Structures are given as C-alpha cells and as structure tokens.
Amino acid sequence: MSIGRGEPASGAGTSPAAGLARPILEVDNLTVTFGDGPGSVRAVDEVSLAVETGDIYAIVGESGCGKSTLAYALLDIIPPPGRVTSGEVRFKGRSLSQMSRGELNRVRAAEVAMVFQAAMNAFHPVITIGAHVDHTLQAHPEVFASRSEGREYFRYLLNLVRLRPERTWDAYESQLSGGMKQRVAIALALVLKPSVVVLDEPTTALDVLNQRLMIDILADLHRSLGVSIVFVTHDLALVAELAGRVAVMYAGRLVESGTVDEIFASGGRRHPYVTALTAAIPTVVGAVSDVRPIPGEVPNLAQLPPGCRFSPRCALAEPICQEQEPALLQDDRGHLVACHVANRLLGVPSK
Amino acid sequence: MLGGGLLTSPAEAAPVSAFNAAPYLNMGECCGWGSTWSYNPFSSAWPGQLNDLVYLPLAVQVPPSMTGFVPQLASSWQAQGNNLVVHLRSGLKWQDGSAFTSKDVLDTALLQGTEGNFNWSDFTNVTAPTPDEVVFTARPGVPMATLEQGVLIHRIFPASVYGSFVTPNLDQEEVAYYNEAAKNQSAASNSAAGKALSAVFSKLSEYSPKKLVGNGPFQLVNMTTGEIKLTKWDGFFDASKVQQPGIIFRNGSSNNLIYPWLIGNTTDFSNAYLPPTIISSLKNKSNWHVAIANSFEFNLLFNNKRYPFNLTKVRQAIAYVFPRATMVTATYGTVGPGAAVEPHPDGLSPWMEGSYLTPAEIKQLNPYNLDPAKATALLKSAGFHLSGSNWIMPNGKPFTLSIYIQSSATDVVQSMEVAVNALDSFGIQTTLLAIPGSEIVPDLETGTADMSWVTTVNLDPLLEFADVLGREGPNGGYNFPVLGTYAGDKGLGFGPVANVPGLGKVNVPNTIDTQAATVAPGKRMDQLVWDWARLVNQQVPYIQWENKLHQYAFSTTRYTDWPPLGKNGQATALWNDLSYNGNPGLLLMMEHGYIRPRA
Amino acid sequence: MRDLVSRLGAFWKDLWRLSKNDKGAMVGGAVVALYCVVAVIGPYVAHLSRVTNPADAYLPPSLAHPLGTGPLGQDILSELVVGTRPIMEVGILAALMTVSVGVVIGLVSGYLGGFADSVLMRVTDVFLTIPGLALVIVIASLVRTSSPVVLAAILSVTAWAGLARAVRSQALSLRESDFVEAARQQGLPLRNMVGRQLLPNVGPYVAIHFLLDVTGAIYAEVGLFVLGVVPISGTNWGIMIYLAMGQGALFTTKSMLYLFSPMVAIVILQVAFVFFTRVLDALFNPRLRVQ
Amino acid sequence: MSRYIARRVVASLAIIYIVISLSFFIVRLMPGNAVSALESQLSVQGMTTQQIDAQVNAIYAVTPKAPLWRQYFTYIGHVLEGKLGRSIINQSETVLHIIANALPWTIFIVGTSLIISFVIGIAIGSALAALQHTRAAKAVSFVVSVLSSIPNYLVAIVLLYLLADIHPIFPTGAAYSVNVTVGFNIAFIGSVIVHGVLPIAAYVITSFGVWALGMKGSAVSVLGSEYVRAAESRGLSRRRLTQTYVGRNSMLPQVTTLALSVGFMFGGSIFIETYFSYPGIGYQLDQAINSRDYSVMMGCFILITVAVVVSNFLVDLLYPLVDPRIASPGGARSVADRRAEGTKAMPVGGSTA
C-alpha cells in the first residue's frame, strides 16, 4: 500500500526552490461580494496569493476579516448570497470558475480538501462518520480501485491522527469530543490523498492539550504525506510554529505576505497591524503586562474608513493614510506589505 | 364499523318499478338524528324520523280537540263499562309477510311497559281475546277519554321480531308493577316485578336488528348520517293514495345546514325554524311557500324560592317589562302571520285559550302589555328604589337578574337579547347565559339561574299547567321534586301551598298533578283551566313569552298539490296536525293523496 | 437601572430598524397596536343601542352604519368595536397565564434539577401530549363560565407545557454557564437566581411565545363561541359569528356583512400577530437577522 | 433501540392512564357535576331512584353513592376493559360503539389531510428555501403565512358557503351517500372521497402553510450550516447533497412537529367535522356537548387522547429511522424536548391552546 504521494516531504517552514514548478494554488486579484447594491459588502477585496507545492501557508487575521471567506473561495464553496465578483482562483493553473460542475467536484476533496472551522459542525449530525467517508469515496470513484481500499486508507489515516478506527467508524458526530472531531475531520479531508488541504481555524475551539496534539499531527502529516497545507487562523503562535509562508488580512484586504521569518523577525519592514498583532501574543514566559491589545475595533465591512482601513487604529497613521489606499508592494525577496509608512521608511519604490 | 349503514343490507331494497322514475320526496329534517342509530324502536337510538312512515299507530289524534282520532291500525274502538275495546283493521300484513294481529298490540304494550311507556298508569290490564281485538281496563278514576288518548296513539311493532323478548310471566309482572307504582313508585321498582321489567327492558333495548320490518307506507332502504332513504311499500293498506315513490330524509342536525338546501332548491320540504332573512328570501321565490302553525309555548320560569323573585310584585313587574311583541318580531320577522302573534301570559297557547276559556274570561286576564310605568310602580311598592338608572333592592343590593337558556336555539337567544336590552334599560342588570344543552332543574336548584327556559306542548290544558307547576317526577313538572338528586328540594319553588283562584289554599304541585291525570274534557275541566289560568296570570310563577310557530317551507318545483293553506299562509287542519303530531300529520297528508310529483 | 434603560433603548432601535426592512412586520405591529387601542377605548367610543328594533334589521351600509346593521337593527361596527375587548382581554390574559406558568415551571425545573425536575417534567409531558383543544372544549362546556379570567385559565390549561419544556432546556444550559455559577457562589437565593439571572436570558424566547400564545388563545376562544359550547353572553366576535350562522346570515346577500365583518376582524388580527412575531423573531435570532 | 421502545411504551401507557384518571375527575368533580346532572336529567324523564342509580352505573360505570376512591378504581377498571359506559341520550348505545363508528372517519380525514398538507408543505417549503431571495418566493411566502394564520373554522365556513351551498358541488352531512353499498367497491370508495373533500380541504388550506414555513425555516438554516458546505467541499453530487444532507436534516423538525400536529388536528376535528356535519369523533364530541351527554363526551376525549398518544408513539418509532441518535444511549435530547421546540414553530392554525 502506498503511503504519501509525490516527493518526500520537505521540512516545515521551508519552501521548495522558487521557479521549480508553478504554484499549485493561486489566488489572483480575488474579490468576493455579499449582497448587491449599496448595502453590499466585500468580504475579500482584491486578494492575490500563491501556494507552492509542499507549502504550509497561513492566512492570518482577526475574526470578520474575510479569511474564512477566502478559504471557502479556494474550493468555490462561498455560501450565498456571497459570490466572486472579480478575479479567480486557479488550481494547477486552471481557473475554478472555468471548470464544469463535474470537474469542480472532482477537484474538491480529491485535490483540494477542506477542514472546517473547529470541525464542530462539519459533520451531518444524523449520519455516521463511516457514512461520510463512504459518501466521499462514492463521489470520487477514480481515486481508489475499490471502496474497501478507500476505507482501509481512512483507517490508516485515523491511526495517523491517533484515533481508534473501530470506535470512530460507526460513531455520530455527537458522540465525539471536540478534539476527536477535529482529527476525524482531518482524516476525512485526507482520505482522497489531496495535494492541498485547507484548514479553517484548526485549533481555535480546542483546549491547550488538544491544540498541541493538533500541531504535532499537522506537522506529522505534512512530513509523511507531503501534502500542501493552507490554514486560516488568528493564532499567531500556531503560525509561528507551523507555517512556512504567511498572508495577513485586515478587513478583507491582504496587508502583508511573506515567509514566517519575514513576518516574525523583529525589526524588519512590517505592516503596523502585524506589529500590533505580534505584540498582542501572550508568551508563556512574558508578563501579562507585556501584552498590548490593539486599540479600537475591526471596522464594519459595510462602513469602511477612507484610505487605509487600519488607519483609525494605527499609531503611525499619517494624513495620506486617511486619503489613499496603500498598495501592496513587494521587496526583492518577495515580501509584500501594504502600508504607506512602512514602505516609505524602507525606501521601497512605488510601482 | 363504518357507520351504522352496515346495519342495513341494500340488497333487500324494494324493487325498482317504472313508478320510481319520479323523484323521491326530499325532506330537510330539522334537528336530525345522531351519527349512530338502531332499527330497534325500543332503543333510544331509534331514528324518530321513521315513526308513522314505517310503523303505524293505532290511530292519529287530531288537535286541538282531545277526543278526535283518525283510525289507522285500529278500525274502531268502544268503551264497554270500565273497558276500552279496540278492533283492529283486518287483513293487514307486515313487510316480512307475517299477518298483523292483536298479539302484535299486546306484545308491544307489554314491552313498552317495561320502559314506562304505553301509558300503563291509565289502565290496569290489557288482553287480546281475539286476533283482531284488544281490551284495556281503565285504572279507577281515569276517564275513558284519557285512556283513549293514552293508548290509541301508540305505534305497534311486529311480534315476529320482538315477541321473543316477552317473558312467560311478563303480563302478570307488568300488572303487578304498575298497580304498586300507582301507590309507591320506589317500592314498585324495588319489587320482584320491577326488577323483572328492568331485565326485559335492558335486553330489549340492546337488541340491534339487521333490518326493519314495518307496516307503514314506506320501507327502509338505507341510512347514513346524512340521509335516510325510504321506498314506497305497496303492502300498505292505503298504498293507492300514496303519491311519492319514496322519501329521502336529510339530516339537518343544525338549522344552518338546512337553509342552503331551501335556497339552493335541493330539498322539497323542511320543518326547520326559518329566521326573518330566510323567510323574506323564500318569499321572493315563486316556487317556495311557507305554512305557519302554532305548536308549543316558550315559558320562562322564575326561581320562585329565591329573593326577590319570591315576591309576586317583582314577578309582575318583570312581566310588564318583557317586550314580547318585539321579541316575536326579532324571531319571526315583520312579515307573515307570525309577526302578529302576541300570547297572553296565562300559561295557555292562543288556541287553548280559545277552546277552554270564554272571550269574557280572556278579557278579564291581565295582558301585561309593555308598561314600564306600571313596573316602576310595582317595584316601588315592594320597597325597591332607583339609584341612577339602576334598581336597588330593599336590602340595599343592586337588583340583578340572570337568565339561562339553551344556546343551540339561536332564535331564542336572539329574542332573549331583546329582552335583556329591555330589562337593562329599565334598570335591572340582566345577564343572559346561553349554554349548550339544557339543565333547567340543576340551574334552578343550585340557584345559578334566576330565570330559566322550558317549553310545553300538550292538547290537555291541565297537563299544560302540570308540566310546569306539577311535581318533578314521572309527569315531568318542575316544582318540588320527589325523585332524583334534587328530591326534597324546591325546584321551581312555587308554593307548595298557594291560594289558587277558585280552589282556595291548595298544595299546588299535588293538586295540578292529580287533576291532570283524572279530569276529562268537560265543564269541570273548563272551570279548572280558568282557575289555573288566573293563578298564572295573577301570580306570574312563570312568564309565557312566546308561542312557538312551526314554519313549514315547501317547494313546488318537483312536487305539487301540497295541502292547502289558509289566508296569509295560515295553517289549515292538516298542517296543524303536522305541527302538533309531527309524522302522524304527514301520514294523514299522504292518506289524503296530497304531495304529488309534478308531471 | 441605567443598563436596563440603555438595553431597552437599543431594543427599540433594533426593533425599528428591523421593522423598517420588513414592511409586513411593520404593518402587523401597527395593526396589533390599533386593535389594542380599540380594545381599551372601544366601549367608551362605541355604544350598543339598548333599544332593539327588528324593523331596522340588516340595513345596508350607510354613514350612520358604516357596516350596516345586524338582525336586531344594531350597528355592526359598534358591535365589532365593543366585541374587541372581550376577545383581546381573554387572549392576552390566557397568554400571560400560559407564559407565567410555563416560565416558572421551566425555570424552577431546570434550575433545581434532580427529583423536582423529573416530577415537573413528567407532568409537563402529559400536558404536552393531551390534545389541548379537546380538553379545553370539554372543560369549557362543563364549567360554563362567562368570566374572562376563568375562560383564560381554561384556555391555557395545556398551552404552558411546550414553553415550560423549552425554558427548562434553556435554563439547564444556562445553569452550567459562568455567570450563573458565579451568582451561585455569591450565595444568591433561588428567587434572585431565577429572577435576575435566568429570566432575562430566556426573555426573547418567552416574548415570541407570548405573541403566539395570544393568537392561539384567540383562535381557541373564538372557536368555543363559534361552536356554541361556552355560554353565549354579551357581545364578541365569536358570539356574532355563532348567532349569524344560526340565524342564516350566510345565505342572503344583505345579511352577509353581519357574518363576514367579525370573521374579517379575526383574520386581520391573527395575520397581523403572525407578521409582527416575525420581526421579534428576527430581533432575537441573530442568525436569522443576517439572512 | 429496544430500551428506547420500552421507554416510549411505558410513557405512552402512563399518559393514557393519567388521562383516564383526569376524565374521571372531570366527570366527578368539575363544577356542574356531571353525575348529579345526569341524575336529575333521568329523574325528569320519570325514572325512579333505583332505576336512576342503575342507569348512572351503566352510563358512567360508577356508583354515585360509593366512596370516591372506590368509584375511581371501578371506573379505571371499566375503562381499561374498554367499558366506557353508555350514552346518556342513547342509553341503548355503548359509548364504545358510538366511538368505534366515528373514529375511522376522523382518522381518514385527519390522516389524509396530514399527508396531503405535509407533502405540499414540504415541497413548497423546499422550493421557498431554494429560491429564497426571489420575488416570487417572497410573494408565495406572504400568501402562505396569511393562509396559515386564518382559523380553520373560518375557512370551513367559506368553503361551506362556496362549494356546498352556492354551488352544491360537494356533499356534506355524511361520510358516504345513502345510495351506495358499504364495502370494497368503486361506488363506495368514490362516495367516501367526494364526501371527504371539503373537510380535508379545510384542513389542508390552513395547515400546509405551517409545514411550508417550517420546512423553509429549517432548510434555510441547514443550507447555511457548516456541514452542508463541508459536504460540498468533498465534491459530493448535487443529488446526494440535497437529499441526504439538506433534505433529511430539514425534515427532522417537521417530523417532530408531525406528532404535535396530530394532536392539534384531532382537536381541530371538532370544528371541521361540526361545520361539515362529518360523522367523525369531533362531530360526536360536539353533539355530546350540546346534549350534555357526558359519558360520550368523556369517551370521545379519552379516545382522541389515545389516538394522539398512539400516533405520537408511531412517530417516535419512526423517528430513529430519520434521526438514529435518538435511539443511541446518551446520544440525543429527549423526544419531549424536540417537541417543545416544535411548539414555537406552530403558528396560529397550529396553536397548542
């Protein structure tokens, strides 16, 4: 029985050499709008990013910043009344919006799989876990030679996520604990051997022990299965530990994107929001007084401030920030920041 | 299990003849029947609509006289000393082919006796000396006219079906029981004979025959909760006169079911109460006619034992405030003869007044025409006074009045609303409670009601008084119950000893009960009627507020040749008979050859 | 106190905002308010004539009688107006009784738990199963009351059970919550816990239940009168329908207004209540609000 | 599963027992005491004290003079044996026979109406949820909410007027025509259907909206739920999604409400059957009330309750098929809790009052 697919895993936090292959998953200038007319809201606003094969890619932001919507867009499952109004998502170079329904369904789960936020509600409450697996296998007959082979692989995955297969198969969602559900959800997402797994808040609803377990499992899976991982979170500690690349969103827009080192290295060119975010992380050793919460609130997407969306909360804000939306600018290493002040201080030239 | 219809087997329906091409007479039957029934006439579930159309009586009584009869199963009868000898029509058959004989009459008398029917209180013995002769022996003191009235009107049921319920000694037990009951009712029911009778009756009433064997003009075909289907039976002795191929009874369990049948022309005839709206809309149709006949009296009883209704002046005052004319208009509209009826509060219906009182006597009675001034004077003289617009009783409490009536009769509710308005504006705070069912006695006993409603229907004027003032018990009065839960209570509470004009101080319930049972039509009866009418008129133990009119709507669309009407739709003899008797009246119409399908 | 005021303020603001978006709900609320006003002032502005004149029966609509007259020559509109109070009174009283019994039993049961809870819930289950309407009709026909309070009590005889169940399960989950735990540790008495801590949290649910209970009670109440199983006394829409049906008003054109006026009055009120409930539902149920 | 069934059986029996007891106390202890009312009714009919006692015993299966506790046990014993006494008005009829004649018709009407309105309602509700933001769906929603807020007896009056009186298309007053033979034949079945049209229509018109709105509400919330999107993310076919994931779960609350509405519809049969003079148990109850026939009244009440308990039990048996968590230990909330939540969903036509 074959275990992982593709090349042996590269270590966490490292990305394969650029240019070897084109990105497996690309988001190009994507805008997702909810509703129409004057009351409409852009949950995702002109966001672009690229996930390379083998990446562990984190999308970070406070709740309500549009990061979950972005995750949904990766599989083209944005809940109505939301819809993509411009831009596109490409998987292996093919735009999801160009695919037929059948093609799309073949990509879903088999190529790009998703683990839903906390997984609490990701299972149909009145059918068993086994039935979920069977439905998934049934929808993708091309992956395994037989149904039983698929089931066997799922058992193997359950073992990987440290669950007892025999107890899990006939269980209902309501009979599993939060941590167990999360792990089952991951196993279920991996059952078709996808190349990319998207995880929405994989640790948020878990207690500390389960969070630890989850991080270990994800790192493990990435190593042993070689799967690319995209995860959405507001937990910077998790990002620091797990991710290779990071994209930070604020109020629907991408404000910074780069490697985990670029984001977390102190002193580098950074978006003031990201600076504030990292300062807000309590560390185990640090005193509570070191934690500085970000003043103000995440803006209502329906009533955005003019100019930079972060400007009302920004300590460094200048008059231009209230007038002009900052562009997302790249330095020579590919590190992107959207901030008038940060970009000027480092002398990054405007495009 | 599906409805009572299973009880009949339609395979036995009468053969269809060419004659049946004419439509069946469709009757919208007021008040209808329940959703279960039995073809056993001894059962309480017997559909009374079939009476006299499938089972004939010995004779049909013709009102208003107490002594006029039209022979049916009996051909003639004579009084021979203390005996009433009834001769039966010869050569009659039942619908199952068996012959009609005196045994049928005897068995019916015995079996009906087990449930207290067939007026055994009027005779001491019954025998069938020959196949076409039955002899009843009158109980001492019972006039022959009363015996005739009690015996001849009964329908006779086939011995071939019910004879088997007659136990060997039933005749002796029956005589023994009724002799004892004449002296002591409860001792009689505790006696061996009484128990034997009960046993026979309970078996009899639970019997459920699969088919109905009658001897009347019609034969039962089928029955549902909505309809009864009868076909003409050619074995009926007067079958040649009967013009209808059959009858469909439609169950008008509530009046508002019947009105659309009339307006939509889906029925030919109805005996339902017609409110003014319906009357006037029928008047606009050329094919509809309405016959109007007097039927029974509506009486409002005072709680005579209860303050202040124990005061004669208070009762009289209320009688003066009752707007009887407006109440009649509210119920019967402003058109037609019904609107003109204004009864006198003397306990007698207009035609009884006419038969038993002289015009001079009627003139002496107080008509209690609407007169609030007189009512005011009466109340003031009784110590009441007005505070603002409300009357205050001598004890300082406001004068209130509660009237309980039955809610299912919306016509009564309507006219009582009129009364309540009048009483209210006179200053007596009146509440009307229209409730389902009628529990006059408990309401009066427990004192919940100050006034309550009963109806009376009789040919015997003394019985008319006894129905209200008599003892609550076998004869069905409301005064001083002797039986049941409220035995020993006061009931209506009038008397028991009161000064009756012409009779002096007498025990009211006892006296009227005895007189009703023993006085035959004649001079003495006329005298007594005058006495009691004056009592009711002067002391007002109850107010007779309205004379119920029977309105018969009939259509000439499919059937013509209905019995003729008098001036202004006023009823003639046959209609009056229908009004008093119900189905026997219909039987007479048919025997006269009336109600013929339109050619 | 100030907190309460500000919360109430926010509540009204939300209510207004949501009603503005939902025209149906707004109209519904306005109609319910109008009926309430009529119920309060009706008997003072409309007068039922004490003088009955059957000659004026079923007059067509005119300025003096905008809806024409009834069988006794009385003004139908006045009857309708005067008949509003008994209906609304009993409906609201019944809903109040239903809600108070349901809330008390639900909260106490959920809060106490254990044996008391099982006993109360078994009783509740029985009332939840008994077909309420049948029981109400049987009891009402036996008791024969014309008192609004007694009638309301009869109407709520089984209606409380559903609410009690629902409140209990909310109370159960609230019981586990931090703030109730905190209150418990402060040693607050049961009365305080239930009144101050639990009650405000089940409030929205109860408010919606209350409105639906009013419509339910009105449905049943009018039904009882229309069937004629409760004493016919005074004037209300149910009695009007009952008498109109009995007197054949359905079958002639000129009398039809007498029957249809109260029917329409009931239908409008019931529909208004349901639409008004919708806005409360949206107000208290944020998930629905987003949609 | 067997424990679940056992629990439901015990609960159902307990409720039936309690209702029988309740009926005893209603007859014995309510104001307007039914037994003394009967006694006086009988005495007006001219019965002797002893006959009255015997009659009361036959009718209510109680001896009025015995101590209350003994009356109670005699009564319970009799009822459990199926002896519901005799009708007061038709003393030669047993209550059981009267009810046995009426019950099948009510079950026919209520059952047919329930199925028709459930199917129509679920279909409309699903369509409304699928098209929730369209103008047509909003219009249909409005009409449906209005219809379901109208009391069913008022709809019955209008139907009666339009389809039985002005245009006598459909018959009223019976369950089948006097011209057909009872049995398994076309004429009889046709007649039964034609006679059932109006009562069924009155029910369906006022109750399909309840299902439609309920289905719409739950389908909308299921459509918005995470697990539907999760299923979508697994590339499941549209059919699998709508049937297994959306449909089945949106139906759950409806199935729960089903149990409640059976009770409501049996109660409502009093109105519907009375107006159409349809000879079911509700009509029987109304007639009994109007003639103060207490024994029939209580018999009808007990039987209506038993019918409701039995149908609830059937729904409870059915429920694990759609929601297997119920039967699994500790898996789910109790059936009663589900029901309580259902009560909120019942609009006017479906009030539990």
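Should a chain be cited, it is by its letter among A, B, C and D, assigned in written order, with residues numbered from 1 in that chain.
Heads up, the rule we're going with is that a residue touches a chain if its C-beta (ideal position, glycine included) is under 8 Å from a C-beta of that chain, and two chains touch if they have at least 3 such contacts.
Since the model is a prediction, treat every value here as computed from it, not as a measurement.
Engineer: Hey, which pair has more contacts between C-betas, B-D or B-C?
Structural biologist: Contact tally favours B-D.
Engineer: Suppose each chain is reduced to the average of its Cα coordinates; what separation in Å results between chain A and chain C?
Structural biologist: Each chain's C-alpha centroid was found; their separation is 51 Å.
Engineer: I'd like to verify one number: the distance from the centre of chain B to the centre of chain D, where each centre is the average of its C-alpha atoms, in whole angstrom.
Structural biologist: 39
Engineer: Report the inter-centroid distance (CA atoms only) between chain B and chain C in whole Å.
Structural biologist: Measuring from centre to centre gives 45 Å for this pair.
Engineer: What's the distance between the Cα centroids of chain A and chain B, rounded to whole Å?
Structural biologist: 90
Engineer: Where in chain C do residues touch two or more other chains at once?
Structural biologist: Within chain C, the residues that touch at least two other chains are 141, 144, 228-229, 245, 250-251.
Engineer: If a residue has to touch 2 or more other chains to count, which residues of chain D qualify?
Structural biologist: As it turns out, chain D has residues touching two or more other chains at 32, 165, 224, 289-290.
Engineer: Please output the residue numbers of chain A that touch at least 2 other chains, ranges allowed.
Structural biologist: Not one residue of chain A touches more than one other chain, so the list is empty.
Engineer: What chain pairs are in touch here?
Structural biologist: A-D, B-C, B-D, C-D
Engineer: Considering only the defined contacts, which chain A positions touch chain D in the complex?
Structural biologist: 72, 75, 77, 79-81, 101, 104-110, 113-114, 116-117, 120-128, 132, 135-136, 138-140, 172, 174-175, 185, 188
Engineer: What residues of chain D sit close enough to touch chain A in their complex?
Structural biologist: For this pair, the touching residues of chain D are 133, 223-227, 229-238, 240, 244-245, 248-249, 252, 322-325, 328, 330-332.
Engineer: If we count contacts the way the header does, which residues on chain B are in touch with chain C in the complex?
Structural biologist: Answer in residue numbers: 254-256, 259-260, 263, 274-278, 280-281, 323, 326, 329-330, 333-334, 407-408, 410-411, 413-414, 417-418, 421-422, 424-425, 431-436.
Engineer: Contact residues on chain B for chain D in the complex?
Structural biologist: Those in contact with chain D are residues 1-6, 10-11, 34-36, 38, 40, 42-45, 116, 185-186, 188-190, 194, 198, 205-206, 221-229, 248, 250-251, 253-254, 257, 260, 263-264, 266, 408, 436-439, 441-442, 445, 472-476, 481, 483-487.
Engineer: Can you name the residues of chain D that touch chain B in the complex?
Structural biologist: Going by the criterion above, the answer is residues 32, 36-37, 39-52, 54, 87, 89-93, 97-98, 100-102, 104-105, 164-166, 168, 171-179, 181-182, 195, 277, 279, 283-284, 287, 289-292.
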